[in-house]
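Paired with subunit B in one complex and with subunit C in the other, subunit A is shared by the two complexes that follow.
Take a look at the complex of A and B:
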């Protein structure tokens, strides 16, 4: 395999990629859009929760509730409270029975009814329950019975919420890599359909040289863009080496998937037909970062999970090598698998 | 005496159950133009693919310039030029960029795209993107691309199909110039006139077999039907055709009868074409 030939092919591929007005436009537009999306998202999280309260006889603990980051709005009836919670106007509603304080002061167990909207995240439910229980205990020395049972999921982020835009970063990074996967697949399928690959294969260029060029071009194009995106959005401020390595591995994975998509495609339409389902599936793990608790354990079967998780942990939690080495190892494994599979399947088509 | 540039020995290839090329053997001398003729699906392209290292034969062997194609495809490919039937150029690159890319792939040290493009009649258009070229211009560029490494063997697949007479003539001249330079030309075509005019020898391939291989002259001698064609006047003022096959015992009396009994308007001799010979040998036409 001659590196002079590989260099000539890489230069040709870059020239063709940027002379394709559609891809050149989409590449620049997408990158700018993602960066803009990041910066228009709020960079802080409002941790005050709005609660609806029905308390015919307001107990003293309510005065302290406001200090715990809960913003209270009093309702005139329990029915009204249920309505506003059901409509999503408030994340939760708490009913304080009129005899609550009497019971607590006499040493009996009191009971609160807490209503949550169906879309109230589990960790928010837990936080509210914990706050109410603690306040009651501090004031009366009695534990409350709160008629909601919930299990705390994920990290306890009270006081350290990650802004939405930082949660978006892994998703946008994955999308950038996968968009380049579509671009590479389209470039290859156009070459196969147009017969230019056939012309290349009757020169001293070997099929190994061809794949070396495509792999280098595909991975560097994807990697370059995603690193630029991360640098502009401040995503490399923490653990840059880990993040850069994860992104590099992600770029190779997307290139391998690009080979597979190209092997089943004839032109842009079929590239989209194969590529978009892959893109959607591979973006799913990023939703788990965006909205914790919305995806279940099977998401670990999606190869991009290990990229998303490594980037999320490193960028948003300052996780070190010992925290993400298993993610990087899995990612490397998927790289080898997809690149090998892509070369075998696409190689058969080219031959 | 020139050696053999191409040697095919018992070349065989099948696509699944379909036997495309069946134990084909032939030799092409250095500096020779071989016309390779056959209808679609006869095995022409498969044979060319095996000779150029694109396909590995199921059995048999091909050597080009003494090098085994299957074992050392890269070495062979460094010394051949291939012009495909359908344009497969990088349309978003200019003609000069297309040629320069291939010159780099061939490792050509000092390459002048402009000179080569002038030779194929594309001088002055070298920096235009290929997407704006006409079919004839693309075909001429394809021929130019096959010449960037000054190949010892040139494979041309239907190089003049569908082209205007000027473009066709340019390409025919280049083929002859290449032979003058000493290159061997393997010319695949449907155009019998072109094959007849350019080829030193022609090979007919049908259903994966070489069914005839000789000079056009010898083939016509061997298989051709010579005839005399005449137009005679009919009593009602019309015209009728008459054909007298030559080289038969009754030919002389047939000719006497024609001129004695009929009013001959025109008469001319007719020589068998390669197409006629192909039909005679295979029972089928070259096209389709």
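Take a look at the complex of A and C:
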């Protein structure tokens, strides 16, 4: 195997890839779009319910609501309260009448007026009513004999929640890698159909050299983009070595899958036909990061799970080598499997 | 027109056409768009507090908590399942309700409810869960709420959830790309590859070919629109009526596709025309996305008469009498489109003869 020939082939493949306007355009557009999506998403998580309050004589219990997940903003008049709620500035407004405490102390029922905006969801409206009722119970000294004692599972993230955009990063990384898989598969299938691969094999280029070139080209194209994406979005701020290694292994896996897709395709449309189902299946584990609890244990059977989990743990939880070594090992195993399978299946087609 | 020949042509289109880019896009794109839009606007990211319960006795606590809109409740058979669900983030908090809980509460005994708390749960969700559990326990204990709470919603317009607003868009996309773009692209491909001319010298008539393409479009549009409705849990209580409307929508889209396919010369022109016409075809969906836009604007566009009956049936529980006018207009549009297809394909028949 001549490395000079392999290098020449890699350079030619890069030129061919970017000559295919569809994939070249999609590659640049997708990368820019993902970065824009990341930056337009909120950078913080709103953990509290923001309420406007009008209370000429504030009940003492209001001093304790900070611990109840409520963020209260006191208004100067009921009219002001209605205006800010109607404008959507606050999800709700609560009016505590001046005689509330007198009534509660005398055993009479108090009256609370609660205003909601039209966009306040039903569950939030109900939750605010339930919380206000509980505050009223506490204000009247009606304590409960039942106490919840819950064991914390995982790190307590109150005050340090992961924004949705950072949960999205592993999914976008997987999509970037897999889009390159489609590009590589299209390139190979076009070459096979056009007979250029067969022509190459009658030159000093060996089949081993051919695969070395395709593997290097496919993996570096995918890896380069995904690292650029991660760097721009700040995804490499924590544990960069672990993330870079995981992405490199992911790039080799997507290249192996690209070989498999190419072996069953004739041109771009059949690449799409085979590639899209693969892309959809491989993005499923990322949904588990986006919305925890939505996917069950079977997701561990999807190879990209180990990439998504490693990137998520390292980038969002600062997980170290001892936390993610098993993910990286599994990823390496899938790399070997897919690259070997891809070479065998595609190699048969070429021979 | 021979039914047998139409069936053979349809089989051929299913076999070879199903590998085309448009066919794949007609299936994949609506599913992806539906998934992405649901992710962004739908219930997938709902921040409603979630409570898991494992009842070791026969407590009414789960029923009382479930009756509240403030939390979503799930029950688990065992403590291990509950722990796994909390650890995975499927629920924010998991509670183990011991045996004879209700009797102990009524007796005023001091009880500790063991459970699990997900580390990533939001502070407000923890408060809502504790308040909701306390409220249910106070109900069991027979305590009376010390305040009356009167709620008022400010503003004139009623809020429409975003997943309801985007349904018309996804539905229109599924109907139009499957119903119109597929028959159009199949017809254009036949013209480009000159297989239409080859078929013209066989006993197969142009009507057979057009019928097979139209059927392909109708079938795909109907299947995809049903899938979209199912995925969005929007089938409503009148599935038969909904199927009729979806079927009529698919027929109109397919006829439009035939007209388009017979008029344009190549795939590039077809895509260009589709892009230009897109704003007119999709215009009514903006009326649903932004209720501030006057409803009458949507009525100007033909596709409104596909979307409106579907929205009426699926989101407002509409019946025949509610959609009669729109369905009549839709039937009229189909008749008009049949005329346009006959006119446009007569030119095609002359050129291929």
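The criterion applied here is as follows: the second predicted complex is superposed on the first by the 244 of 351 C-alpha atoms of A that agree within 3 Å, B and C clash if a C-alpha of one lies under 4 Å from a C-alpha of the other, contacts with A are read in each partner's own complex, and residues count from 1 in each chain.
Rule of thumb we're sticking to: a contact is a pair of C-beta atoms (placed from the backbone, for glycine too) under 8 Å apart; a residue touches a chain by one contact, two chains touch by 3 or more.
Because the structure is predicted, anything quoted here is derived from the model rather than measured.
A.B. asks: After the superposition on A, what does A:320 contact: first (subunit B), second (subunit C), both or neither?
C.D. replies: neither
A.B. asks: In the overlaid three-chain picture, which partner chain does A:60 touch, first (subunit B) or second (subunit C), both, or neither?
C.D. replies: A:60: touches no partner chain.
A.B. asks: So, does A:4 touch the first partner subunit B, the second partner subunit C, both, or neither?
C.D. replies: first
A.B. asks: Return first, second, both or neither, reflecting whether A:224 touches subunit B, subunit C, both chains, or no partner chain.
C.D. replies: neither
A.B. asks: Taking the superposition on A as described, I'd like to know which of subunit B and subunit C A:122 touches: first, second, both or neither.
C.D. replies: Second partner only, subunit C.
A.B. asks: Does subunit B (first) or subunit C (second) touch A:12, or do both, or does neither?
C.D. replies: first
A.B. asks: Once the two complexes are aligned on chain A, which partner has more residues of subunit A within touching range, subunit B or subunit C?
C.D. replies: C
A.B. asks: Based on the superposed arrangement, let me know which partner A:82 touches: subunit B (first), subunit C (second), both, or neither?
C.D. replies: A:82: touches subunit C, not subunit B.
A.B. asks: For A:113, decide between first (touching subunit B), second (touching subunit C), both and neither.
C.D. replies: The second partner, subunit C, only.
A.B. asks: Just subunit B (first), just subunit C (second), both, or neither: which does A:199 touch?
C.D. replies: first
A.B. asks: In the superposed arrangement, what residues of subunit A touch both subunit B and subunit C?
C.D. replies: Touching subunit B and subunit C on subunit A: no residues.
A.B. asks: Spell out the part of subunit C that touches subunit A in their complex, as residue ranges.
C.D. replies: 19-21, 24, 28, 32, 39, 44-46, 48-50, 68-71, 83, 85-91, 93-95, 105, 108-120, 122-128, 130-135, 137-138, 141, 143, 145-155, 157-159, 161
A.B. asks: If we count contacts the way the header does, which residues on subunit A are in touch with subunit C in the complex?
C.D. replies: Its residues touching subunit C are 45, 47-49, 68-70, 82, 85-86, 100, 104, 109-127, 129-134, 136-137, 139-140, 142, 144-159, 161-162, 164, 268-270, 272-273, 276, 280, 290-294.
A.B. asks: For a test of understanding, state which residues of subunit A touch subunit B in their complex under the given definition.
C.D. replies: 2, 4-5, 8-9, 12, 15-16, 19-20, 194-196, 198-206
A.B. asks: Considering the complex alone, what residue numbers of subunit B touch subunit A?
C.D. replies: 52-54, 74, 77-78, 80, 82, 84, 86-93, 97, 101-102, 104-107, 145
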